[in-house]
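In the two assemblies presented below, chain A is common to both, partnered first by chain B and then by chain C.
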Partner chain A sequence: MGAGFLVGVIGVLILSHATYSTIQYRALLKITEEEFSGPPIDVVIELIVSLVLCLWAAMAAPGNFKSIHPQSEENRVVALPANLDFMIFNHRGKIFPLETELKLK
Partner chain B sequence: MVTRTEEEEVNRLENQVENGGGGVWEYLCLVHKLKLRRSDMVLKHGLSILNDSKKRSALGPEEWTLYEQVAVAAMDCQSIDVAKDCIKVLQRKFPGSKRVGRLEAMLLEARGLWSEAENAFSSLLEENPFDQVVHKRRVAMAKAQGNTSAAIDWLNKYLDLFMADHEAWRELAEIYVSLQMYKQAAFCYEELILSQPTVPLYHLAYADVLYTLGGLENLQTAKKYYASTIALTGGKSTRALFGICLCTSAIGQLTKGRNKEDKESPELQSLSAMALEKDYKQRAPGKLSVLSSTLRSLKI
Partner chain C sequence: MLSSFFPCHWISPFILSILLFSRTFMAIIGGVIAGILGLNSLTGFIFYFLVMAMTSVALTAKAKFSIHSYFDSWNRILLDGCFGGLMSFVLFWTYPSYVRFAHFPPPLIKLSELCCQSFQVLLS
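Right after this comes the complex of A and B.
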């Protein structure tokens, strides 16, 4: 959040300003009775700037990127799961029984 | 696979649960997901949820998997009565279920009634000959009775049917290593590396087996696999670093006097020795002198 979010807000504001200018421009064309061939250059620039800003915000605001490398500190495998399907019960734990008062009520 | 982040999460939750800080259900879920064997904790804290009717009903349908989890944990802790009670509850809920039938047979196994358990598993297999868990239980039973050769036979038959089961390959590899049948174990580890190439522990185990087998070719392959372990762990595997040093010194002794043209990557050993020294300096400065004398005796 913070800076990224602010950039996103600015991007959306510029986008809405571009929309507003386009509507104004078309109203003006109706008065002067000219054909609509394309948006004016300042609107195009505004659109590009807002696209860049919104993209930036979408990358930065939701959270940090996580590593996908198998050798990175978070992802590296430190242990294999216990092979539970092959678990056997007559191990030395038998000699040290747990608390005997454990009961299912 | 248990990654570094997951391990930290488990340890944090375990601490929290032990000190009565809540999060018991999250802990049990994580243990179940990562397939850890913390039977004493699961038994103690799982029962605390099951005995509290409010917490139990809040779980919804997950309640029954918890009963199963606790039943298995109880068998592992030899709390036969608890396991029996859990299975009874499950039986009432799911009469005629095969999954509960499996638990019953496992209970017989935990009590040491081998022939009864064998009969129970056989009848389960007759109903469904492709029940993988039951096949695996038979292997485990043979192993529990100390009958390793029978366990190997069962496992080989099982792997003919289900070749993609990496857990079975791992079990077979471990049995072979325990019997010092390294050639067969190496084959199993090759299978494992093929099915899960990003797990460094299989590379490491394969390299260990090859190093134990000895011989120039095996040692060179072992060195390569130690190197791949280092690559996959980001250089954090002390065992692989030592493996590189040992392999280099063994290869050097074998090729002494011969022409040394085909020497590959001569800097590998000095780099791993340096990495070891750095690691020891950071984590165990007191043992640094032992390390350097060991490395010196390897002539690196």
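Right after this comes the complex of A and C.
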């Protein structure tokens, strides 16, 4: 989580700097009585850089995807029936006759 | 035999929360950027769906372009959370416009006046 989170913090900091620059630019436009058509080019570059950094953070920070296939290499499903410690034989099923011809399918 | 005990395409809620986190975060950042750029009505929504498309491509790249080993369908990556993030986007998109006009919107002015009056009544 560390590196992705740090990248996100840097992206948000650049974004807040761009916001501050835009507020100053708008104040300047109010003095010179011009219309706002878009922020200056350096602010636009800052916005693009922060968008890319935040996209990276949004991918890296929350964690990795896990495979949904039980047979996969990175599988983390612990198969309970395969674990002999959890098998119970002392239950009411023992009064039924044992079907030895039963086949697992 | 194991696959008959366990459903194959079971997706952990944790993975869905990863998707939701990415979507919401990108919606908020996109909203702030649209507000700074000063985008208007339809342009802002087009910008939102561009950002969401970028997020979808990035999520696909994160899943190493093999969607079906991580998700049950393409909709998980392409659509999930798109319209939920729209609310966050609009919130952060319109907030800078309040800052831009440098005064409170009228309902908030009424509310603050009401608060001041009630405080005065309480203090007297």
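Convention: the second predicted complex is superposed on the first by the 69 of 105 C-alpha atoms of A that agree within 3 Å, B and C clash if a C-alpha of one lies under 4 Å from a C-alpha of the other, contacts with A are read in each partner's own complex, and residues count from 1 in each chain.
The working rule: contacts are C-beta pairs under 8 Å (C-beta built on N, C-alpha and C of every residue); 3 or more make two chains touch, one makes a residue touch a chain.
Note that this is a predicted model, so its numbers are computed, not measured.
Visitor: Between chain B and chain C, whom does A:F65 touch in the aligned arrangement: first, second, both, or neither?
Guide: After superposition on chain A, A:F65 lies in contact with chain C alone.
Visitor: One more residue to check, A:Q24. First (chain B), second (chain C), both or neither?
Guide: In the superposition, A:Q24 touches no partner, neither chain B nor chain C.
Visitor: Please indicate which partner A:A57 is in contact with in the superposed arrangement: first for chain B, second for chain C, both, or neither.
Guide: Touch status of A:A57: second partner only.
Visitor: In the superposed arrangement, which partner chain does A:K94 touch: chain B (first), chain C (second), both, or neither?
Guide: The answer is first: A:K94 touches chain B but not chain C.
Visitor: Once the shared chain is lined up, is A:F86 touching chain B (first), chain C (second), both, or neither of them?
Guide: First partner only, chain B.
Visitor: Overlap of the chain B and chain C footprints on chain A, residue-wise?
Guide: Common interface on chain A, chain B vs chain C: 70-72, 77, 79, 81-82, 104.
Visitor: Touching residues of chain A toward chain B in the complex: what are they?
Guide: 70-90, 93-94, 97-100, 102-105
Visitor: If you look only at chain B, which of its residues touch chain A in the complex?
Guide: The touching residues are 1-5, 7, 34-37, 39-40, 43-44, 47, 50-51, 70, 72, 75-79, 81-82, 85-86, 89, 109-110, 112, 132-133, 136-137, 139-141, 143-144, 167, 170-171, 174, 198-201, 231-234, 236.
Visitor: Provide the residue numbers of chain C that touch chain A in the complex, in ascending order.
Guide: Touching chain A from chain C are residues 1-3, 5-6, 8-12, 14-15, 17-18, 21-22, 25-26, 29-30, 32-33, 36-38, 51, 54-55, 58-59, 61-63, 69-72, 96, 99-100.
Visitor: Going by the contact rule at the top, pick out the chain A residues touching chain C in the complex.
Guide: 8, 11-12, 15, 18-19, 22-23, 26, 36, 38-39, 43-44, 47, 50-51, 54-55, 57-59, 61-63, 65-72, 77, 79, 81-82, 104
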